[in-house]
Amino acid sequence: EDDDGGSEDTTESGEDGGSGDGLQVGLAFDVGGRGDRSFNDSAAAGIERAQDELGIEFNELSPNPDGSNRDELLRELADGGHEIIFGIGYAFGEDMDTVADEYPDVQFVRIDGAPSDKENVAVMNFADHQGSFLVGVAAALMSESGQIGFVGGNEGVVINAFGAGFKQGVAAVDDSIEVEDHRLAAGEDPSGFDDAAGGRVAAEAMYDRGVEVVFTAAGDSNVGVFQAAADAGAWAAGTDSDQYETVGDPELQEVIFTSMLKRVDNAVFESIDTYISEGDVESTVYDLSDDGVGYSTSGDHMSEDIIAQLEDYKQQIIDGEIEVSSEE
Amino acid sequence: MTRVSRTQRILLIIALGFIALSTVRAITGEDVLTSSGTARAMLILALPIAMCALGGLVAERAGVINIGLEGMMILGTWGAGFGGWHYGPWGALLGAVIGGALGGLVHALATVTFGVDHIVSGVAINLVAAGLVRFLSEAVYAEGEQGGGPTQSPPIGAARSFDVPILSSGPDLLGRLERTDVIVLSDIGGVLRGLTSGLTVFALIALALLPLAWFVLWRTALGLRWRSAGENPVAAESLGVNVYRMKYLAVITSGALAGMGGLMLVLFTGSYREGMTGGRGFIGLAAMIFGNWRPTGLAMGSGLFGYSDAVRLRAQTSAAVLALLLLVGLILAAVGVWDLYRRRFVLSAVLLVLAGAAVLGWATLDYLPNEITTMTPYLVTLAVLATASQRLRPPAADGMRYRRGEEH
Amino acid sequence: MTENAAPVIELTGITKRFPGVVANSDVHLAVKPGEVHAVVGENGAGKSTLMKILYGMYQPDEGTISVDGAPVEFGSPRDAISAGIGMVHQHFMLADNFTVLENIVLGAEPTSGGRLDFGAARTKIQEISDRYGLGLRPDRMVEELSVADRQRIEIAKVLYRGARVLILDEPTAVLVPQEVDALFENLAELRSAGLSVIFISHKLDEVLQVADRITVIRRGATVGTVDPQATTSRQLAELMVGSELPTPETTESTVTEVVELAVADLRICSDGERDLLSDITFDARQGEIVGFAGVEGNGQSELVEAIMGLRKPDAGTITLGSQDMTAWSAQDRRAAGIGFIPEDRHRQALLLDAPLWENRLLGWQTKAPAGGRYWIRPRLARQEAAAIMTEYDVRAPGPDTMADALSGGNQQKFVIGREMSTKLRVLVAAHPTRGVDVGAQAAIWDRLREARAAGLATVLISADLEELLGLSDTLYVLLRGRIVAKLDPADVTPEILGGYMTGAVTANGEAAER
Amino acid sequence: MTWLLQLARRIAPTLVALVMALLITGVFILIIGENPLAALGALFDFGDSATAQANSIGVWINRATPLFLSGLAVSIGFRMGLFNIGVEGQYRVATVIAAGVGAAIVLPAPLHILVIVLVAMAAGAAYAAIPAVLKTTRGVSEVISTIMLNSIAIGLAAWFVRSPFADPDLGAGETAATRPIDESGHFPGLNDLFGTLGLEEPRRPVHGFVVVAIVVGIVMAVVLSRSRFGFELRASGLNALAAAANGISSKAMVIKAMLLSGALAGLVGLPDLLGSAHRFQTDSFVAGYGFTGIAVALLGRNRPGGIALAALLFAFLDRAGPRLQSEGIPPAAVTIMQGIVVLSVLIVDEVARRRLRRREERRARAQDPATRSEESAAQPEVSS
């Protein structure tokens, strides 16, 4: 456990130190920083695991609220002698490419986002659509009436991939189902990720119309969807981390039957591990095959039968029998 | 214009608007326009705004402009999260009120005691509040207490809701009315049912604050002194009214009310989250000006905003938002015809052209991009303001620095 | 009036210092029960300050106040009110957006169970109104009321609080004779009810007419108390100033035949039932002062606004020389040489928070050399402001002084200087000497006469009938937005003029039934 | 000598206030259990190497430029008592349109930039014209309309970037953006200048647009203090009624002020757009300058010089964000400090101003013979 809430910089190397003793790792969070119980925290978990298991030392920074100084964070970390630096979130895109040119000896790793042509930038992507596909399958199996909904924070590429995969998963079970799709904000407007009240109202409308399962990919707004589900006595699925575990409220745990897991922690840990062993990190797409994405079963809301079917679909995707697209 | 005729006029406008709305509902078949769910959502989305607007009202009636409502609301949400975590929903109420009131106290100190420009102080409070809540969370939830963190409180659970018996549950009379599918009648049923179901004690408290504020401000001795500080503080002081005290009281109350707005959000979503206010404090300020510094007016302004927000959030497709376009077109046409009758030709022509464009848009478009639908509440508010020509009457000494003994 | 009754109020040795100024120094004032006691003095002599001390708004640095022989200390108006003292301020202290009732009860509200008891308040106000003939209607909004009505509200406010001593600070400055008479009738009622009245005015004739005793204050100190029966207004003025007054010279007509400003068939409609102005036709020639008399609210403001281009007339034309200027903007009219002295200098003529040199530019910002089409020249504006200050005897440290820091009289002199120091063709002057003391008043009148002699056409609006009669070459009377009489000021007395203004006398000179 | 004294008198309150703000923030830092002195050190830490220092200066400039422009835009409205809180929306719309138009054309370098700048100013002014027209023709309060238009701008910009101006060449998984602006439309950076001045060159591009901002600032300072427009603006703000009575049409002033304010707002997004981004992308577009600009304008007392100082101060604090984090202080400390700086500077300033004012009134009164103290001391003759 941290001694003071994660704001400490460097830590003693871990006892069971691996071969990465004293490697300096930098981590620049997405807006919001540590403590979002989702994306950022997941990255933090990955680096803390690396600290424990590999004996690295790390330093973390968060951007200012308008996200205008992401490049500065990277420079600050590079100047601080960190050999490998993570930028969490696709918004690091161009900033990281620019800074990478300035520090050719530093390995940069971006979590999520467009591919980069820089030598020293590795982009870790997640097959969100594959994980969402499985949630879609689960949703279709959980529902009796076949009314299913999706609530997205906005219309950015990441959320679109969630929506697309989810709909394909639903269709794989029953292609007559039309998934209701609501986005809380337009375009890339991030306000939809902070609008729990809006999330609740939108989800309530869906449940009022008879929807039985809603998959939500809207950051902080997810909790509104869970509230609506609890009110309606219906199902909801979360995103990024295992929201059954993180939501903290037993009433909401009752309705979260699964979450689309995005193992940012794995990506961070493995990147460090690879860097230690090979001195270089390659861009990778984490998908179902390496458990980079997946689904959670906490709460045991899904029956054995459903889980068996999910595992079946999962295998088909890994085997390439089912092709999931990230676009609709 | 006497008072009676103003109330009557407002009622008439509401009635006409409602008939137009149910006509549009019938034409387009978009039940979401008047469904009970929409009405309920309207109430829920409008209340936080209305609380901020009311906060703005009580401050400005005492002559202090409060652009810091957003910051006070932020403090309210944090206070609600903290209080709720420790002591449940009532603790949340207490926390929200204290949080907001502290913001108000700072504003009062700056504007009343130190005579700082009201807008400067409000803007500064917005800045400080946004940063402060992060600090507080770091200090209080650092250990990740039961799901809390630097950006959120532990879950405190949403407030329990209930339906009004007989009307909206059990025999559900209003529900039956809503299902009759008779124009106007079913719409009335839907709206009333929405307003009488899914209520919480806290929503009722917030609702009650609107008439209560009216009563205190316009029917009590305290209220008279309160308003006198905003109309003519020098006169008030000369009659022995302690203007500073009135202003302090007003601004602190204002903060507490903004905090109540924050409470509404926290109780609706079950926990405090950083950034959850999303600019509602500013919308509240706008709603208050929309309402011409009156409780009924600000309730209408908040309601209008909440309604259009509810429609776009609840709509299954953008057709419902298009139906609102038809409604706006009809209203514009009506006002245009009225202006034609009043021989204001240019204005009437502009309005009729806009009305034509709106109706044409409704008839030809079959889809609106999300960029447009998310603008709905803002566009509707602007459209209504532009049609209803406003004669605003802020308190005479609103925003003025008042120093005891200086008489300019 | 009881001759030797003990004074109800006695101020002894009052001294009040403000930073840099001694407003009152060893002032003595004794007011007997049932008397009207006038206090006179120049602008800034310290009258208002003394009254504010008596009303508890200021605390004296030295001296004592006694009420009914017992010394008292007032920490706030509240204390004074409870000692039975009430004050009607020079500037009305009313909330426009409140009803009459709300204004009166504020701070002394009757309540029942936390609720403001409107019924009880209404009854009590009606009672006071009937007893002293104030004619109040409690539920009217103050903004709809005339100046005289407002003053009666102020008086009612004081009576409502049970005052035995009323302080009236320049109550007549804004009233027409009939209203003044009505006020004096009210005062008589008060006096006969045993109340005392302290009355401040710059109009010495009025003072002599209404007062039982007069105290003169000069430069913060009491000069003495005189008996009105044994004093003339000229003596009184000399006591105030401390020296002999120059005799005003009689002036000859300078009116020429050249029409400079012609207003024809001017009409301004309103949303209400009757027009604000209708069929206004008059000419102002070079060298002529055209006066307009009228009870406030009979269209004077609208007329001024129409001439200055601040309000669009619904019909009629306004011509400057040979040019039709009906469609000109306000700026165009200023640029063409129309000067403007608005009725409310604080609100309309000055930027209080700006230095005097900026105030020099106001209204003339397009006029060279200090102003211009695109640029202004602060250096020249400072010079011009300084010139005005010397020429018009504006007492202030310099052109960079904030307008706010000047006393009312000095502000007014600056405004007049600003308007007159440009080459004007027409001057529109509304109440140019309102609230200005006798000395400054005479100076302003002289300036207006000089300008007239130089060929200026002036439109003069004033509530001061002496001023109107003394200055005007031609006099019109406005009543309900119409010109009801055109008079030769040489032939009319203030009383007759007052009759026209209230409609008691019609154009044929006969008394109309009221 | 006297002007030095005067300058010191004017600066002293601000310094006092800044120290106060630091102290208060220090208390907050103590509350979360960190070391305020370390924080203070971090605040003034520009880095160890010459490159790092040059870089820090670059960051400072880059951040201060848009804040200055935004403050300037906001101040125009404030000067006449118009509460234009719509700069936020105005610069967003202006930036996306400038990016779209700028990418659609190719012109020789200086011309290309000029066209983009003019398009941005026109777009900002056009968007600001909406509240101006609504206010003058329909009496709609600009406070409401600009709040609404800020939110509408978000949707509008999102639509522009996806529909008319969308870059068709974006690959799958790439966030919607406008097409990149051609090289000729890139504003040259100041990096070389650092070299010429004998400093290390910063690694990051330092936005040359700061030069434009300085020129605009000087022009505005002259316009506001020396032009008739500036005088009329100030007059309307000080006393709208008096201004109207003296030939300054308030409607015309509202329109003019809003258009100018909007045109300046159009510039806010350009340093980033022309200096480094070269395209509009919602995710990397920096939002919030419009709101921060309000605080900057107020702190700078609505005068160009003051706004420049305020922008530098805000940017200085922003710049320190990452360093502060290294000391364990959350970035929110910067926002808190900014808010407290605004409040304390204005409180102290107000107190100082009041004292100055009293002195002036005293002097004015001393010239009024009716109340000149030595004369009133003369014995009054009492008659009765």
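Here the chain labels run A, B, C and D in written order, and each chain numbers its own residues starting at 1.
Rule of thumb we're sticking to: a contact is a pair of C-beta atoms (placed from the backbone, for glycine too) under 8 Å apart; a residue touches a chain by one contact, two chains touch by 3 or more.
By chain, UniProt protein names: B, D = ABC transporter permease; C = ABC transporter ATP-binding protein.
Predicted model, so just to flag it, every value in this text is computed and none were measured.
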Distance in touch steps, counted as few as possible, from chain C out to chain D (ABC transporter permease): 1
Both-way neighbours, i.e. chains that touch chain D (ABC transporter permease) and touch chain B (ABC transporter permease): A, C
Most remote chain, CA-based centroid, reference being chain C: A
Between A-D and B-C, the pair joined by more C-beta contacts: A-D
Cα-centroid distance, chain A relative to chain C, in whole angstrom: 75
Length of the line joining the C-alpha centres of chain B (ABC transporter permease) and chain C, rounded to whole Å: 45
Intercentroid distance (Cα basis), chain B (ABC transporter permease) paired with chain A, Å: 35
For chain C, residues that touch 2 or more chains besides their own: 352, 404
Chain B (ABC transporter permease): positions in contact with at least two other chains: 130, 138, 150, 369, 371-372, 374
Where chain D (ABC transporter permease) touches two or more other chains, by residue: 33, 154-155, 158-159, 162, 330, 332, 334-335
All touching chain pairs, where touch follows the definition stated at the start: A-B, A-D, B-C, B-D, C-D
Interfacial residue positions of chain D (ABC transporter permease) with respect to chain C in the complex: 225-232, 234-235, 238-239, 241-249, 357-358, 360-373, 375-378, 380-384
Partner chain D (ABC transporter permease), residues of chain B (ABC transporter permease) touching it in the complex: 106, 110, 114-117, 119-121, 123-135, 138-139, 150, 279, 282-283, 285-286, 289-290, 369, 371-372, 374-375, 378-379, 381-382, 385-386, 389-392
In the complex, chain C residues that touch chain D (ABC transporter permease): 18-23, 25-26, 42-46, 218-226, 308-310, 329-335, 340, 342, 347-354, 358, 361-363, 365-366, 371-378, 395-397, 401-402, 404-407, 410, 437
Partner chain B (ABC transporter permease), residues of chain D (ABC transporter permease) touching it in the complex: 28, 31-33, 83, 85, 134, 138-141, 143-145, 147-149, 151-152, 154-156, 158-159, 162-163, 291, 294-295, 298-299, 330, 332-340, 342-343, 346-347, 350-351, 354
Chain D (ABC transporter permease) residues touching chain A - in the complex, by the definition given at the top: 33-34, 47, 49, 52, 55, 59, 63, 154-155, 157-159, 161-162, 171-176, 203-204, 276-277, 281-284, 286-289, 318-319, 321-323, 325-326, 328-332, 334-335
